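These notes concern the structure reproduced below.
By written order: A, B, C, D and E. Residues from 1 in each chain.
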Amino acid sequence: MRFGGVTAVDNVDFNLKDGELRCLLGPNGAGKSTFFKCLTGQLTPTEGTVTFAGQDITGAHTHQIVNLGVGIKTQVPNVFDGITAYENVRLSARRKHLKPMAKELTMHTLERCGITHLAKREVGLLSHGQRQLVELAMVLAGEPKLILLDEPAAGMTGDERDRLAQLVLESARSAAVVVVEHDMAFIRQIAKFVTVFNRGAIFREAMIDDIMQDREVQEIYLGKQANAA
Amino acid sequence: MEKPVTRDPGFYVMVAIGLAVMFAAPVMLDLFTIMQITQYVVLSVFALSLGYIWGFGGILSFGQAAFFGLGAYTFAVASINMGSTTIPMVLAFVIPTIFGAALGYFMFYGRLSDVYLGVVTLVVALIFWKLINHTAGPEYSIGEARLGGFNGIPSIPTLHVPGDPGAWLDPGQMFQVFMAFLIIIYIALRFLIASDFGRVSIGIRENETRASLLGYDVRKQKVVVFAIGGGIAGIAGAMWATYQAFIDPNSVSMEMSAKALVWVMAGGVGTLVGPIIGCILLQWLTLQLGTVDVVNSIAVLGAIMMILVLALPKGIVPTARSLMLGGYVLWKRNHGQGQAMPGKAVKE
Amino acid sequence: MDYTLVIALEMVRAVAWLVLLASGLAIIFGMMKIINFAHGEFLMLGGYTVVISTGNGVNEWFAMLVLAPIVVGIFGVIVERLVIQRLYGRILDSLLATWGLSMLMIGGVTMIFGNSVTGVATPLGGMSIGDYQVPRYNFVLIFAAIFLLLAIWAVLKFTKAGLIARATMQNPDMSEALGIPTRWVYMATFGIGSAVTGFAGALLAPMTGVVPTMGVNFIAQSFITVITGGASVITGTLSAAGLLGSISQGMTFLTGPVYGDAALLLAALVLLRLLPQGITGRIFKKSL
Amino acid sequence: MLLDVKGLSAAYGLVPALHRVDFHAMPGEVVGILGHNGMGKTTLMRSIMGYVKVTGGEINFDGKSILGTPVNARAKMGIGLVPQGRQIFPNLSVEENLHVAIPGNKTEVARTTDEMLELFPRLKRLLDRRGGALSGGEQQLLALARCLARHPRLMLLDEPTEGIQPSIIDEISETLASLTKKIDITIVLVEQNLDFITGLSDRVYAISNGVLDREIPKAELTDAGAVSAFMGFTA
Amino acid sequence: QSDTIKIGGLHDLSGALDSTGVPMNQVFQLAIKEINEAGGLLGKQVEPVIYDPQSNMSLYSQYATQLALRDQVDVVMGGITSASRETIRPIFHRYDTFYFYNTQYEGGVCDRNEITLGTTPAQTVARLIPYGMNLYGKKVYTIAADYNYGHITAAWVKRYVEENGGEVIETEFFPLDVSQFGSTISKIQGAAPDFVLSALVGTSHLGFYRQWAAAGMKSEIPVLSTVFGAGGTEQVIMTPEEGNGIISSFGYFEAIDNPTNKAFLEKVEAEYPDKDWVMSEISEVTYEGVKMWADAVAEAGTTERDALLEVLTSGKTYDMPAGKVKIDPKTQHAIRDVYIAELQDQVFEIKESYPDSPPTDTQMVCDLIENPDSNEHFEISL
């Protein structure tokens, strides 16, 4: 993926089995979010192809891709500010289900994300973290086959982060999940197989523990954190 | 817009008022007043068209008059040629709707948004206006109907009972028919907005990216909303044409478009009653100012508009609502429930 | 030969004319996102300043180049303090308010000065190109336009003013936190925009009938130019004015004024369809 | 003391967000504030900066009450904010984002810019990229640099490590630590990242439902469980 | 029955047309004042009912309805553009409210309910063209406003030019909002006509005369106009060096030398000492309208329309500031003296006058004696 001069993602070969939970690490500016944008059609790759569930979705429109079963939580929360959390999530649930079912699913998802108490609040007036959770709920309510989470734990504290981790693991049972995160504590809770990006290219693919030990990864990314493991 | 229309008392109140006026007015008011409010009714429909696409679709049209005018001219030409007004009325809805869809396709599939979109609509209206103004010569006529350029098309048939071109409606009946139109359109829009379709367009208004990330086709949705708005504006135009019995390029003018914007804003974006109220209020003012011997009617109207914006930033209806709400909360507070903070406000 | 020369000159003049019309708006709308629907009346005010002051014996050049910008600039500042400052970020309320303002100004000027004030004759008279006569004043317009663009460019380029203004418009809250007195920035920007508009109005005065309602004829053109121009004040205005002006003027020569105007509008339409963010939204992004 | 907040209450319309908050910061001190989502951390920062309408209590900066002082005046007095969500100017280049912040003439601007690029070398290669085009982390770095460029005496940091890669978090942590030693800068730090906050802060408070009353003893900080106990159960 | 006689006035007092509407309205009120000072009509005072249509067509139709239905006035004077007239004329016709239209226009109105006092092309253009051709030559370049008036006038110009053995080498139409004439001015120079005939209308079109002078064309090619000065403001807005030499033709100029006019102008001066406009046909004719109507009411002893028409169309000649005026029963238009004048230092100096000119154009299409209930605006096709 190229922006004028900038090459943000450079011939990446990334395969994901269904039902797999994959963590995506990488320095700031490595191209993780851009990579997500390419997968969801928010950006059209300048080269290469993306196939999902056997279909070539390169250059397809976002909504088409999403309707094939991809759900994404973007790095900067994208939510419907003017309306309530409930309405937000419902709009997502309603895609696949009839009204009564959608209602149920909505309530249930809010429950899962622990924001039932915010259901009637206008999302624009929520705190940053609260908005993050609302967005997560919207993604889950879409019941996607592939879930992309761009820094879901950003701005979460200890036990909230733990709950989030549980949530991610649960979801991973019914769908393939890719998580981008810088919060190592969080990563350690969920990660098995990890891909590390650097300068827009895949830098390493290995089990989490090996990654944590990897000299070069520590070089470019982890810093002291590794030892804390 | 969350609780279903059928459980919103406000909705029933509005419809009730509408019906009451519709049946009471002709018996209670004199001919002139009837014709007066007929005008408000017609323009309210126009205001609604913009109020809908802007308030509930986030589509800002600076050229809504293009559809109004298109509807008006369609009706004028068709009815003069056919001598009947029923089919022309239908055409005045269909043609602007199609045009709206086409223009919408042109704009939204071209990723045009916000103010750029506004200006494109404006430009389209201006082109329409220029061309219409240029049709003074006798060569510009469609069938019987001379387009007449700046002077417009005179002696447009009055509405008649469908199927019986002899049976003109008298002003009273015409008023009732138009009032019926208004009420029906209002109800239709209320339900449309409360429907899933409506909620999605509200979602799009709030955040297009997320809407498409939920799998909604933003562009298609917008085109439909825009087209509907165009159709409604078209009907309003047709009503205008037969109400005035003449039509001229002013109906496509930038001023007409701006008026609509002003009504919606004054009344309150994101409501349906607002545009209607804003329209009636400002039209009434304009009319009154011309009858009293003020220094300069237009200057005074201008001043009033400015004050309106500054005094009621959110528009009349929302302001009224939040006043009521605030009052309610305060009431609760004074009765001990609310857990408000002590200490008085400090100006920041 | 002469004729082509005359045509060329006319085209350049038309472009200059658009530049003059649009520059002030480019600042007020392009930078501040205030839809100044009274833009035409600001022009008119500039014109009246000239007409009235010369009527009272002021030198017309002084009136055009100095007096008008000052008067309209001050007027702009007052308007900003009284009305506009409450409307930032409420782009459409600004339309409503300024529309009111425009009516108020039309009415006000009519009441104060009446609508039949003797205008100013175009200075400098005519000159001949071959066997054609053209107003020397055309060159004044052209140079004024160039000067205006250069001036704005210099300010934006060599002072932090432009940068601060842009930052303020993009995120006033954050700008405050960086110590920028946003209220003053707004006031100054609007004042300058008004002054530029006044200057333009003054220059147009000798070429048009100066009457209270003259503004309405300019508002649409100005907006279209600014929007098709896109984000950046100078490149935007210049490129848009250049394209639209020459296209419409060319059309006018070929087919007459009606299609000249229509051509301008169509051109704008096509441009916006191809470049949804205006010309400078896609190309010359980095330019001022 | 440089910053002294007494009985501060704030509300959004009729919805209360802060309730009688008391805390202070000595010159050169780093005060940390922990709290769950929606507990009022950002609100606290924003009321100190002057955005949020305060409904009670007082804020003293350098001995003077700054209630009623407009935001930009507070900034000029030497208060700087790194807001949550970064608030980069999307259509200004990275360089311009810095320049806007820096007071003074061209030479000073140039000097300070270099200074900042020394502190945040990663910004060097991004200088002429649109702020809006930066990656999350890059934006966060820029936001920090932009704030420091004003050489504030009091810096309000709202979750500065959010979205930053671990190694850079360490760098930032070191940078700030060394700053507090070199120049006399006082920092109020809202964080969720325990290690980070522990590493930097001299004192740490917990805020919960708009109430900030408990100081968390340094000892406890290393133990996440104890901390969440302190912060009260999740809202 | 109300105890006053009500007379409605519809003139734009604000908006684009107020420069014309305000003078009309002032003279209108002056005339009524005179009548009342002279003891009113049928022992009643005459009460003006004045609305301001704000240069806005839909307000015209509303106020027309209001005058007819609510105020039930006995007669209405007003309407400026043909558009406004065609908006209100049908309304007054429908509700049988007697209507006077007092503006020079393109001709062709044929409505028993309307008295039309202004001049039409057959009265003015018919004189102006030969006059110009004698002075300057046979090649004419026409520039006209792009709407009915302009098109029809242009057609008449062509006709009269050809009748007088000349040719119209080019006719250009300009939208009413065009204000730049540079290209046209060059084109005209290219075509090198003997004179330019301008039917340009409205304030933006004033730009033409400005830019024409600016290009130094005044000394090269003379300009004749069928409307310049109609509103009584153009000649003031133009500086002498721009305006001098423009030749127009109307049914009235201030310079008309007869005692009635002198007295009239004095009265106006006394009533509106600080007026900034010049008396023009459109205003003077409004005065005529009120006076003739009043005279008819006095003579018929009623305000009932048909009785008044009896008197008005009886061939009676009225002595007005503009000269002798009588009403042609066929068209209910005025047969009046027509003048040609040239602008010098913002004042029109009369060059020629043509007594008793009939509205032959309208007469071609309209005969209210034959078919009294006709009610339309014919387009006189040539």
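Going forward, a residue touches a chain if its C-beta (ideal position, glycine included) is under 8 Å from a C-beta of that chain, and two chains touch if they have at least 3 such contacts.
Model, not experiment: these values are computed from the prediction.
If you take subunit A and subunit C together, the chains in touch with both are B, D.
Counting only chains that touch, the fewest steps needed to get from subunit C to subunit E is 1. The chains other than subunit E, kept where they are, remain one piece by touching. Seen from the Cα centre of subunit B, the chain whose own Cα centre is farthest off is D. Centres computed as Cα averages put subunit B at a distance of 32 Å from subunit C.
Here the CA centre of subunit C is 43 Å from the CA centre of subunit D. Each chain gets a centre from the mean of its Cα atoms; for subunit A and subunit E, those two points are 76 Å apart. Shared interface positions of subunit A, i.e. residues touching 2 or more other chains, are not present. In subunit E, the residues that reach two or more other chains under the touch definition are 14-15, 146, 173, 175. Within subunit C, contacts with two or more other chains are made by residues 106-107, 110, 258, 261. Those residues of subunit A lying in contact with subunit D across their complex are 3, 6, 26-30, 33-34, 75-76, 114, 117, 125-130, 132-133, 151, 154-160, 163, 182-184, 218, 220-225, 228. Interface of subunit E with subunit B (complex): residues 13-15, 50-54, 56-59, 61-63, 65-66, 69-70, 81-83, 86-87, 90, 146-148, 150-151, 173, 175-176, 377, 379, 381. Subunit C contributes residues 33, 37, 83, 86-87, 90-93, 95-97, 99-108, 110-111, 219-220, 223-224, 227-228, 258, 261-262, 265-266, 268-269, 272-273, 276-278 to its touches with subunit B in the complex. Considering their complex, residues 160, 163-164, 166-167, 170-171, 173-182, 231, 286 of subunit C touch subunit D. Subunit D makes touch with subunit C in their complex at residues 49-51, 70-72, 75-76, 80-81, 83, 87, 89-93, 96, 99-101, 103, 109, 128, 146, 150.
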